[in-house]
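In the part that follows, the structures are each spelled out as structure tokens.
In what follows, chain A forms one complex with chain B and a second complex with chain C.
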Partner chain A sequence: MSEFTLWDIVYNLLLAARWTVLLSLTAFVLGGIVGLLLLMVRTAGNPWVMRLVRGYVELFQGTPLLMQLFIVFFGLPLIGIDVSPWIAAMLGLTLFTSAFLTEIWRGCVESIGLGQWEASASLGMNFRQQMRYIILPQALRIAVPPTVGFSVQVVKGTAVASIIGFVELTKAGTMITNATYAPFTVYGCVAVMYFLICFPLSLYARHLEGKLRHVAR
Partner chain B sequence: MSLVELHAIHKSFGELEVLKGIDLKIEEGQVIALIGKSGSGKSTLLRTINGLETINDGTIMVAGKKVGDRDTDVLTLRLNVGMVFQQFNLFPHYTALENVMLSPQVVKKQSKAEAKEVAEEMLAKVGLADKMMHYPDQLSGGQQQRVAIARALAMKPRVLLCDEVTSALDPELVNEVLAVVRQLAEEGMTLVMVTHEMRFAREVCDKLVFMDQGRIHESGAPEEVFANPKTSELASFVGGLA
Partner chain C sequence: MAYKFDFGAIVPHWELLLDGVVLTTELTVIGAIVGVSLGTLGAWARASRAPVISQIVGIYVELIRNTPFLVQLFFIFFGLPALGVKLSEFQAAVLAMIVNLGAYSTEIIRAGILAIPKGQVEAAQSLAMNRVQIFRYVVIRPALKKIWPALSSQIVIVMLGSSVCSQIAAEELTFAANYIQAVNFRAFEVYFVATALYLAMSVLLRWVLKIFGNFLFERRSHV
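Up next, the complex of A and B:
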């Protein structure tokens, strides 16, 4: 049996960590886009659409991420769509992220006072113009800290994708452990890597919180 | 033809009927004050004039055209009818200049240069030429309200509605805002204001409209209305002010 040096472990984990970062980024960007669309249709005020979006949010907030991934990974093949672990993980995490982000952002939009809507309406702006120039710029400023904070949850959430066989940081850790029989060292390195990805994001979120200026109070 | 004509306006919030059949004509160049106790419906009436409150019944005509309930009708209405609010409602993420420039650019599709020229002119008119680059939170209440007036004027409305524009201000800041309103009145701007500043209303307005419990009780020239109240409601309102 060959010997593994610490560098071998770290090197192989780093390779896998790229997939963690890529999966996080993809889920975050796509989830953000879907979340923003949901936010728009929800704010536009059709009561049925609002109820539908609320149901969507509650579904994803009320079930474990792992179950959501299982349902995507095992459910889609049942209706004839074969998905790779990568697609399943990406899809599952995107839906999960969109549900949480739309809810976070809804709170931010609602924190913008009625006076801003009325003032912009009285100046002749339509809904789209109000959103674009008045509501979203303010809401997004408020939203940045909790959004960046939530991105940490997404990064950690990608670990769940290891269960459906997607080789990211956690799965790589498991595989390397099986080869090296050194779980403490390997998972220790895995934990450090997650921390090195997440900690700067947390710091950044805290930094942004201190920078909020010129927003309706 | 009146600039704005309200006919038989009814408005309810749930069970509560706040406007019970209002008829009001606003002529070009007229300065009208809506007075009355709080809860008499005057602010609601003002807000119906630019579509911030939907009406349950009645018609609104602006410049001879009936305002329907389609969104586009309301947007067109608002091009003719500007509004200034009690709480200013400036956009906190834009400077004073940007606050005034935004709508002409976005709604009226004016070029940036054109919008800037108008905005600078309007801000100078309200005495804030030196505060253009300030954000709302760097301005006093009176200054913010004057920016709000400039912002409404930049859209070149035919009527300006003022909803208790001095009520949220510290007493020492009231006069600077009233001075601007007075100047507008003197320049011939059509104004409809809800106000508690009776002395100001008396001096500046052509017409006082006294509202009580969702109805217009009396209206007429200020001197006449104050000197000879015809209804006991107005008499007690005027008496309460003395």
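Up next, the complex of A and C:
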């Protein structure tokens, strides 16, 4: 049996960390797109659609991410779509991310004064133009800090994907532990790697928040 | 071939699901009470002028907030025995939830403390109250009142997060669901029901916390 040095452990974890990053990025970008679409249909004002989106958000914020992944992973094959752990994780995390982002962004859009809507409407702008030229540019500025902050939740959420068998950082940690019997070292390294990914994002979000507060003053 | 849903297959196992709900509730209640207490202490340390303690607590908060709960759980359950600390599944799960919620609530409660007007603390000082008295009678209650909604959401998040405790075989709701689907192969139905149970629990928990908050803060405002 070969010996594992600390470097072997770190090297293999780094290889797996690429998947954590890739899954996070994919879920964040796709979740952002879906979240933006949901925001649009919700803001457009049909009360039934609004209620539907509200329910969607409630559903994803009121149930564990693990259950959402299980349902995607075990549910889709029932309607004839065979999913790999990668697809299931990506899909589950995308839905999860979209629900949270659309809720965060709704707050930002609602914080734009009603006068802005009325003024742009009085200029004869339609909903799309109002969004594109008046509301979103202003909402975007306040939306960036909480959005960056939420990206940390997405990265941490990818750890749950290990449970449906997707080999990312946490799963690799478990596999390496099973080979080395050194859980303290391995999970310590895993935690450090998550920290190295997440902490800069947290700091950046805080920095942006501070800047915004400065401007608001 | 179309799949035939059979939710009836879960009925014989309802006691397992109920046990799971009970254990998840136990984890949440202990985790919330001890975790928020820890967070209150942490927030006090952060707001106090003792730089070393404040920094240590700051590092703890950042470490926990920037790593996944699942990894914290694995570290506690699989890693700590290397240091001679052997915990049962339940103990490890509770400890992980306390440590996790402790960090988040430290940060939330600190925000509440920072929002207390300086004049109130100065007024208390001029009444010759000492630091413990000021914190106990002047600072903590209005601080908690201000951030109660945020704290409630965090407690709900921790309750939902406890579903990953099934991975160290703590026998909570997700563990029960895993067990049942391994017996009757009705994975989708079981997880669907478990998800519905979690949803009901989170709605209920939010409601309970709201009532509890009203009870805590809406009474006589002094002391």
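Just so we're on the same page, the second predicted complex is superposed on the first by the 212 of 217 C-alpha atoms of A that agree within 3 Å, B and C clash if a C-alpha of one lies under 4 Å from a C-alpha of the other, contacts with A are read in each partner's own complex, and residues count from 1 in each chain.
As a working rule, a residue touches a chain if its C-beta (ideal position, glycine included) is under 8 Å from a C-beta of that chain, and two chains touch if they have at least 3 such contacts.
These numbers come from a predicted model, not from an experiment.
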| item | value |
| --- | --- |
| Chain A as common anchor, with chain B and chain C clashing or fitting | fit |
| Touched partner set for A:F74, first chain B, second chain C, both or neither | second |
| Contacts of A:I134 with chain B and chain C, given as first, second, both or neither | first |
| First (chain B), second (chain C), both or neither touched by A:L59 | second |
| Partner chain in contact with A:L22 - chain B first, chain C second, else both or neither | neither |
| Chain B versus chain C as contact partner of A:P183, first or second or both or neither | second |
| Chain C versus chain B, contacts on chain A by residue | C |
| Partner chain in contact with A:V144 - chain B first, chain C second, else both or neither | neither |
| Smallest distance from any CA atom of chain C to any CA atom of chain B, in Å, after fitting | 26 |
| Overlap of the chain B and chain C footprints on chain A, listed as residue numbers | none |
| Residue numbers on chain A that touch chain B, as the complex places them | 113, 115-116, 118-126, 129, 133-134, 137-138, 141, 214-217 |
| Residues of chain A touching chain C in the complex | 59, 62-68, 70-71, 74-75, 78-79, 152, 155-160, 162-163, 170, 173-174, 177, 182-184, 187-188, 190-191, 194-195, 198-199, 202 |
| Residues of chain B touching chain A in the complex | 50-52, 71, 75, 78-79, 81-83, 85, 87, 89-93, 102-103, 106-108, 135-137, 148, 151-152, 155 |
| Touch list for chain C against partner chain A, complex | 3, 62-63, 65-72, 74-75, 78-83, 156, 160-164, 166-167, 174, 177, 181, 187-188, 191-192, 194-195, 198-199, 202-203 |
